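Chain IDs A, B and C follow the sequence of writing; residue 1 opens each chain.
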Amino acid sequence: MFSVFRDLIRYNIEFTIGVVLVGVIVAFSLLSFASPVDPTAIYTTIPDMPPSAEFWFGTNSRGQDLFWQLTFAFRNTLFFGLTVAVLSRIISITVGLTAGYLGGWTDRTLMFFNDIFVAIPIFPILILFYFVLRNNLDMMKLALIMACFGWPFDARLIRSVALGLKHREFTRHAVFAGMSPARIMYEEHLPYVMPIVFSTAMANMIWSIGLEVTLAVLGFTNINVPTVGTALYWANNHSAMVVGVWWWIVIPVVLIVMTFLGLFLLAVSMNEYIDPRSRLRRMGA
Amino acid sequence: MADDILTVEGLKAYYQMNYFGVEREVRAVDDVTMRVMANEIYGIAGESSSGKTSFIKVLAAAIRPPFRIVDGRVTYRFNGKPIDVAHAGEDEIAKIRWKHLSYIMQGSMSVLNPVRRVRSTFEDFAFRPMGLKRDAFWEAVEAHLARLHLEPGVLRAYPHELSGGMRQRVTIALATVCRPEFIIADEPTTALDVVVQKDVLAMIREVQQALGSSVVFVTHDMSVHANVTDRLAIVYAGRIVEEAPTRTIFTAARHPYTRHLVASLPRIGDTSPKPSLEGRPPSLAEPPAGCRFHPRCPIAVERCRREVPVLEERPGGHRVACFRADEALPAEKILNVEEPLS
Amino acid sequence: MKDYLTFALKRFLQLLAVVFTGISVAFFVSYLSPISPVETIIGRVAGQSAYSPEAIESLRQTLTELFGLNVPLHERYFNFLGRFLVGDLGPSLLAFPTPAMKLVMLALPWTVGLLTMSTILTWLIGNILGGLAGYYQNSRLLKAFGVVAIGIQPIPYYIVAFLMVIIFGFLWPVLPISGGFSMNVRPSWSPEFVVSILRHAILPAASLVIVGLGTWFLGMRALVSNIVTEDYVTYAELAGVKRERIVSSYVIRNAIVPQLTALAMALGGIFSGTIITEQVFSYPGLGTLLVRAVNAGDSAVVLAVSCIAVIAVATAIFLIDLLHPLLDPRIKAE
């Protein structure tokens, strides 16, 4: 595992850039633990100060130091993305492996629901949830709801791999050795799908964070929790771009694009590592 | 020679790779010289990864990086005009493709475009080289299919609707419809079951006789060679080790590797255990010094480890690359007899 | 033909299942709402002038029946399904008493138009460029485009739309940045009106295209660079088939099938992008209506938009699915 990581770092430029970008953002968000200010307090400092030696990212119109404010925003956003990714991975692994290994009616039923979930547009449903829950829609509930919608695409992918594994020699050995289906899936098949799980987790984080930002920009989340989306919401609310407080918008946008780009590159380079054909292409020419 | 249709001289073609920073050179074709005459079926035999597929990729002018021609010439002579496909431009080669030089590819299952009807493939491949008007073209195609005992209905089918044997016959029809002078057949029967195999072989021979073309026929299956080819070359680790009329190969082979291949063929009434060759084919990335067969050769001597034997001409169109070609080979040595199973 | 009809029927049943599940989820979620539309209206009416308590009580009863709130949950659910079939989801609050469904139907063509136009453009351009980039892997121009695509692809819809507004609204104001058509043109089929509609659609469509292009480009490039190693492509090259023919009929033609599947999968996400983009450009479609309805606490319209969105996306996926066997002859055989 470690040698794979080392090889990727050394020879795959996309992976290296991805690791650096995500690493920078994660380190930035971890600074929030050392923050001298309370992210929910407003008017703690002079508002609308441009970036300077004292305020690295400037201050916003609500009198908050943008640097520390954004450390909290990114911590919450990344944690949110990670929660959705982990929860939806659990569902997609369970559904994918079960459908692929058991096959037959189980497979057909699971894939039937899978296809329904793929076809339902999630955004109006999320807005509906906000409409109903209003400020009770906290990050944890939102993550849970999105996890319930974020699994079907990847479940299908995992299923297709599991279908192939089912007919492999080692699976037959495990069956003859009397292993239960649950143990075969968990102990024998899970390791094979882990690379897919990792690469889809990255794509899933991009998806969930993107939706969170979109919802928050519209003001459809709890706007008092600092996230990247609510940071942009407040900036819009104070017409930051129009009154010339550009850093309030530009800095979070640059950081979030860095995050997305990093996650995307990680997903792509892992995919390439999984697919032997593209690895072969890298070997040649 | 006047009736040579293909002359290969000193051909070296290597895979040059750079994988995760490690340079690797695989000498898939290493110093091959041979020729194919008009109106003959020339067989190439060898184990998998002996370089025979790489060799015919060069013959078919189908090389792509990381595979490169390092040295040598591959000259075809169509209508008296020579063309060296190892050095000619892609435009020049495109002019001879299919019209003069065609190819029956390994794995007929996947050589036809899966989302289009067979008809469109015929049109794409053969319409331009044949240079006929549309009606005359389809007439010619259908006549050709009829000659190969194929219904014109196959043109309307999608590849997945045809059986494996049928698909291979269609591919052969496709490769021969322009009446090419030279046909390269790469394991055309390998994936087929035995009965179908026989039909397909008969079909290839029939077309070859009808068109008077030359065929380079590649397969690892010696019994297929015995059935179809006129002359036969044995390839080992990127080199031709022996070449002779097929009959000579099966009756009077001189190279120990060839003799092993022939000895391992099953014969009617023969119940003796078949020999297996010890060791594995050498890595083409780091081939052994001297004769490449020496680590597995039962009669190797010190000289074989140091010097590379050249392919020496003998009477009767027979060429062998072995220092000990004239040694009598004790049967038990090549046969490497194992205990019979009880 | 018979195979195709069976296939189409199966897909249609699936469409019904998706719609049923979608609108049921929407109904039950909205049922949890603590906001009563009746009280919202009464609050609004009572605030405007003085009414006697009796008048308010009778109004409350009338409204409760009007919204169908006077029965238990399961009955309300079946009522909802029944009324949904005839397209009646009760009056809106945004423009009381205009039916919610009517507001949705007024907004729907704008969204469908914008979404269809930008999706088809994005998909076609992205796939063609991606296909070429996958086949001509040494082209510097296409390589450069790939780098740009990787950079743009992760930017959220909202941000691109917002940048467009800043650039074309403030820095270089050549195109309209809000609304669906100019206020001074009367809606009719006059050339001015059509031109006005198109001009207003450029920026929202362009921001949708810019965000979407990268995904299709990168997906197609990856697909094609695998397909070029397939035997049938190598074989066609060996036969001296013309380059353009190979790229179009062999490479792209085979890559289109998985990309069509991907399009069906992506439609839900594209719809979300359209909602936020409409909001930024105040485009008179479903997205803008949905946001207004949420802010006004109009549950009938929110529910109606959600249901219509489910139907619209599911129908689009259904239509794409119907195309599938026509493009890939192997699907019919299954």
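Here, contacts are C-beta pairs under 8 Å (C-beta built on N, C-alpha and C of every residue); 3 or more make two chains touch, one makes a residue touch a chain.
For clarity, every value in this text was computed on a predicted model and none was experimentally measured.
> Considering B-C alongside A-C, which chain pair is linked by more C-beta pairs in contact?
A-C
> Which chain has its C-alpha centroid farthest away from the centroid of subunit C?
Looking at centroid distances, B is the chain farthest away.
> Take the average of all CA coordinates in subunit A, do the same for subunit B, and state the distance between these two points in whole angstrom.
53
> State, to the nearest whole Å, the distance from the C-alpha centre of subunit A to the C-alpha centre of subunit C.
23
> Which integer distance in Å separates the CA centroid of subunit B from that of subunit C?
Taking the average C-alpha coordinate of subunit B and of subunit C, the gap between them is 56 Å.
> Could you list which residues of subunit B touch at least two other chains?
None at all.
> For subunit B, which residues count as touching subunit C in their complex?
Residues of subunit B touching subunit C: 60-62, 93-95, 97-98, 102-103, 105, 107, 110-116, 120, 124-125, 128-129, 158, 160-161.
> Which residues of subunit C touch subunit A in the complex?
Going through subunit C, the ones touching subunit A are 14, 17-18, 21-22, 25-26, 29-30, 32-34, 150-151, 153-159, 162, 166, 218, 222, 225-226, 229, 265, 267-269, 271-272, 275-276, 279, 290-291, 294, 297, 299, 302-303, 305-306, 309-310, 313-314, 317.
> Can you list the subunit A residues touching subunit C in their complex?
112, 115-116, 118-125, 127-134, 153, 206-207, 210-211, 213-214, 217-218, 220, 232, 241, 249, 253, 256-257, 260-261, 263-265, 268, 275, 277-278, 281
> Sort out for me which residues of subunit C touch subunit B in the complex.
Touch residues, subunit C against subunit B: 230-232, 234-242, 245, 249-250, 253-254, 257, 327-330, 333.
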